[in-house]
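You will see subunit A twice below: alongside subunit B first, and alongside subunit C after that.
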Partner chain A sequence: MKITFETHAGTTLMIPEGRLDFGAAPEFQRQIGKALAGVQAAPAGLVVDCTALDYVSSAGLRVFLLAAQSARRAGVAFALCALQPRVREVFDLSGFGRMMTVHADRATALAQAPEPLP
Partner chain B sequence: MLPPETAATASEANMGAREIRAQRVPEAHPPMNLAPALRSAHSVRAAVRARAQLILRPDRWIGRAIDNLILALIVLSVGSVILEAIPGLPAWVRRTFRVEEIIVVAVFSLEYLLRLAAATKIRNFVFSFEGVVDLISIAPFYLAGVDTRAVRALRLLRLLRLLKLQRRVLESTVAERTRELADKNASLEEAQAQLKAELEVARALQIAILPETFPMKPGCDGAARMIPATTMGGDFYDFIELPDGRVGLVMADVCGKGVPAAFFMAVARTNLRDIAPQYPEPGACLAQANERLCAHNPMDLFVSVFYCVFDPTTGKLKYANAGHNPPYVRRTDGSVEALSGAGGLVLGAMPGVQFPDHVAQLRPGDRLVLYTDGITEAFNSADEAYGEARLIAQIKAYGDGAAVGLVENICRSVAVFAGAAPQSDDITLTVLKWGAP
Partner chain C sequence: MNEMRTSVPSEAAQLPVLTHFLQEFWSAASLPPAQLMSFELALEEIFMNVVMHGSPSGALPRVEISLVLAGGAVILTVEDNGPEFDPLTLPPPDVNANLVDRPIGGLGVFLVREMMDAVSYHRVGSCNQLRMSKHVEGPEARAG
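Take a look at the complex of A and B:
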């Protein structure tokens, strides 16, 4: 799984590509942990752009749950955006779709992101 | 002395330095159509090699004795070469040195022959560092004839026997390290085998706690199957007999797999079994189970659960869904419908979640099919998922017979679809066939 990062006005954008399954979950968790630690210094938001995320297994869902929990503890706004239909289905079925902030696309997610601190 | 066959086996098992060296050279296989005489010559050669290897084995007393003898003779002969250089030595001293030299060369020569015999490929030994050093140690004697004083330069060559000493030290160090490594490997392998055996037991236990048969209820024919992806799975199903005569059916999938998932599965199952008799409504039962799981969840795991309470006298089904794939009902006319309806979050993720109850009615001859996503998300080599459509097709096609028949057909269809692709998730399936009592 390939993960890239972008920064947009204080919000960190995390862009995973490929399949988030049992095998890829630990690395994804490590990266998301790093991203949260990074924005912790200047608390704003973390948005995971799922445009290129093809598949999420239950082990992958768990990493999103852990990320949402750590983000809440760190006071970082956490959101997802641009879920593919199959992934959207997994989020809806498990109930995670209602538990987390999910935006239709990146533009909406960034527009809703908290203002960066001066 | 052991018979040759046994000796060869014992020698293969030995991890001494010499055998390691021999192993680098692949065994020369005889051509297919050898004359019997050649074949027997080959087997004689093999027998001799096996015996020679057995004699030289550093872990047996005889090999160690030879080593020590050679070591002593090296020191002795090198000392003699130096002392011989002193001018004006008495004749008897020179004679003693002479005799000593003959004995040393005789022993070294025997040792050289023995090593030649033990070598898997003679040429490789002769041209190896060890082989050359061994040969240099004895060659001056034979080159100069019996009187080595005639060739002073050759006499000095005997000092090269010190190389033989160095070779021995090197060799024994390598042998020791190899033995240590072999010991460590053996204990690692033992530990791994033990761990594997324990996991096998745990897996057997995990499968054993799942109910084998559906409760004996009038008109009910139930069958279930669970195929873990790794040694330990996170899926489970359950049939719980409730005090009012109804039966609770559980289909659940813990996130992830392996030992943590298996532990969480056992906890979740115990909680549900414990709570179910006290909560006749499935939604309330799931809510209570969620509270308990959230209270003690050190690994932040969660489980998706479909829970329904079935009344075998009326065919009435009450259900609630905690983030699980909706089961299917196959009607007698062959149509298949999903038991959808709003569900709640998976259990263990967050406390305070509510799970709405829903009702469905089974008619005589209907089948209820509960499953985990190990079926719909079984992938083949082309990375395609089995999917809901194939599952529904199976349910439509094979839903007429006994419950176990449909279970077998679906499992076989998934296996055929996946082909050689590894099973990435647990596969669990329950079929309940109901005919009015």
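Take a look at the complex of A and C:
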């Protein structure tokens, strides 16, 4: 799995590409943990852009849950956006779609993200 | 291509091999790509369940996978010679729990049950057999 990062006005965008299965989950967990630790210094948030995320299993859902819980504890905004229909189905069936902040697309997610302090 | 079968040791490193096997079956049978993910997920969840829970100290169980296209449905069977274990007895997760209270885990088998039309467990001789089936759309999903 390829993961790239971008920063938009204080919000970190994490962009995973490919399959988030049992094999990819440990590295994804490491990267998302690092990204969360990075944004904790600033009053901003982390958005995972799932445009290119083709597949997610329970191993991937587990990482999203751990990340969302850890962001909540740290007071960091955490959201997902642009889920493909098949990934969206897995989120909805598991209840994760209701439990987490999921935006339709990147523009909406960035518009909702908290502004960095001046 | 209406039937394919393979067998691997129950170790996590075999997951990509099995996923590839499923994808081969899917394209050989000209099935619609949109419905592949349900089966990829079912295969991963059930296989990893065997890997995590079906290997006591000692010999590694073997896992046999079969895929059959019949009567407009794909039937995926996962059979292992590990200790007796019926994953369908696992309690379902609380999908309405809030973020803070949501426990980690318990989701895999739940997702499989939700995504497949039918799931059944049988103890066959010294093997666990989990059979999953789902109707597939498309002109190529003819009776096998």
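We take it that the second predicted complex is superposed on the first by the 118 of 118 C-alpha atoms of A that agree within 3 Å, B and C clash if a C-alpha of one lies under 4 Å from a C-alpha of the other, contacts with A are read in each partner's own complex, and residues count from 1 in each chain.
Here is the rule we go by: contacts are C-beta pairs under 8 Å (C-beta built on N, C-alpha and C of every residue); 3 or more make two chains touch, one makes a residue touch a chain.
Values in this document were obtained by computation on a predicted structure and should not be read as measured data.
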Query = Put the two structures on top of each other at subunit A: do subunit B and subunit C fit, or clash?
reply = clash
Task = Could you say whether A:T4 touches subunit B, subunit C, both of them, or neither, answering first, second, both or neither?
result = neither
Request  = Would you check which partner chain A:M100 touches, where first means subunit B only, second means subunit C only, and both and neither mean what they say?
outcome  = second
Message = For A:T51, using the defined touch cut-off, is the partner it touches subunit B, subunit C, both, or neither? Pick first, second, both or neither.
response = neither
Task = Spot which of subunit B and subunit C makes contact with more residues of subunit A, would you?
result = C
Inquiry  = For the combined three-chain arrangement, which segment of subunit B clashes with subunit C: 221-229, 239-247, 311-319 or 329-337?
reply    = 221-229
Inquiry  = If I apply the document's touch criterion, which positions on subunit A are contacted by subunit B in one structure and by subunit C in the other?
reply    = 21-22, 57-59, 61-62, 65-66, 69, 93-95, 98-99
Remark   = The residues of subunit C that touch subunit A in their complex are 12, 15-16, 19, 34, 37, 40-41, 44-45, 48, 93-100, 102, 104-105, 107-108, 110-111, 114-115
Inquiry  = Taking the touch rule as given, give the residues of subunit B at its contact with subunit A in the complex, in rising order.
reply    = 234, 253-257, 300-302, 304, 322-325, 343-346, 349-350, 353, 373, 377, 424-425
Message = Touching residues of subunit A toward subunit B in the complex: what are they?
response = 21-22, 25, 57-59, 61-62, 65-66, 69, 93-96, 98-99
Ask   = In the complex of these two chains, what residues of subunit A are touching subunit C?
value = 21-23, 55, 57-59, 61-62, 65-66, 68-69, 72, 86, 89-90, 93-95, 98-100
